[in-house]
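Labels run A, B and C following the written order; every chain starts at residue 1.
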Amino acid sequence: MPQLTIRGIPAERIREVSQPMLEELAAICECGTDNFMIDCMETTSVFAGQRVDTYPFIEISWFERGTETRDRFAFALTKHIHAIGIEEVELAFKIYSEDAYYINGKRFNLL
Amino acid sequence: MPQLTIRGIPAERIREVSQPMLEELAAICECGTDNFMIDCMETTSVFAGQRVDTYPFIEISWFERGTETRDRFAFALTKHIHAIGIEEVELAFKIYSEDAYYINGKRFNLL
Amino acid sequence: MPQLTIRGIPAERIREVSQPMLEELAAICECGTDNFMIDCMETTSVFAGQRVDTYPFIEISWFERGTETRDRFAFALTKHIHAIGIEEVELAFKIYSEDAYYINGKRFNLL
């Protein structure tokens, strides 16, 4: 955590930008880069009777960090995605609860 | 948004029904069809020691629209899925918050 | 439901352990094993400029069952994952609402 689950952007493009992107996002979160997971999903998208390119979308799963941090995170992440030539991207933050997250069987809020 | 994330139904089947389905769902949401994303996920499912077909399941990610709209949306979506010969399908609605959703770096509730 | 959405663990490994795992999890939930879905997702992960193995992660989507059941569920699930040689795994529980879940178009809390 945080976990970036990506659709509609090739993993190869994300790989290119991943190092500076993670460094900036980790600084915003005040955690190490090794807390992050970046997973690109295989999807097939359809629209109006056609197969279409999947719209670039990133779901960020994390513990709530407040509006200011979220705004900065979203701005930085979007900047790096734009920098690899993806002109439009939407982000949604999904909140995991610390009492419903387990690392090797141990509840996070008890660690 | 709304975003339909589908597992257990081939994209090709969804493609066939996508145009009338989107028109009906967009009318229920009072938005344009181009607000929708339909993404079919690659999954491998297992049950009781066997590989099995993935159970047809659709997660709808959207902003909360209330029970009446949700009921109508679920009924219409299910009808279209049944019409392509998928006899059983389950739907779950996942709520994104307008203050935690970003389009090109800009927070949705400020757009 | 419950629905286990898995990334970073091959479906073949999950298949091997699925029968005893489901029996134990179903006993904890006091439901039948046939209520469960186990879906392994295709992902490509990156980190720090490299393609990397996806970190083992399971999202459990269910209706809220309280802390004690969740702790037991997490402990049992983790035990089975460790038993197939996956040394590290993280779990997150995602709550679906009974009034936003539909089976064949019928709202769950009305069934």
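Here is the rule we go by: a contact is a pair of C-beta atoms (placed from the backbone, for glycine too) under 8 Å apart; a residue touches a chain by one contact, two chains touch by 3 or more.
Just so we're clear, the structure is a prediction, and the values are computed from it rather than from any experiment.
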Could you classify the subunit A-subunit C contact as same or different, where same means more than half of all interface residue numbers appear on both copies?
different
Quick one: superpose subunit B on subunit C by CA and send over the rotation angle as a multiple of 5°.
120
Averaged over CA atoms, how far is the centre of subunit A from the centre of subunit C? Could you give it in whole Å?
21
Where subunit A touches two or more other chains at once, by residue number
41-42, 94
In the complex, the residues of subunit A that touch subunit B are 7, 41-51, 54-55, 57, 67, 70-71, 74-75, 78-79, 82, 88-95
Spell out the residues on subunit C that touch subunit B in their complex, using ranges where they run on.
1, 3, 11, 14-16, 18-19, 22, 33, 36-42, 61, 94, 96-97, 99-105, 107
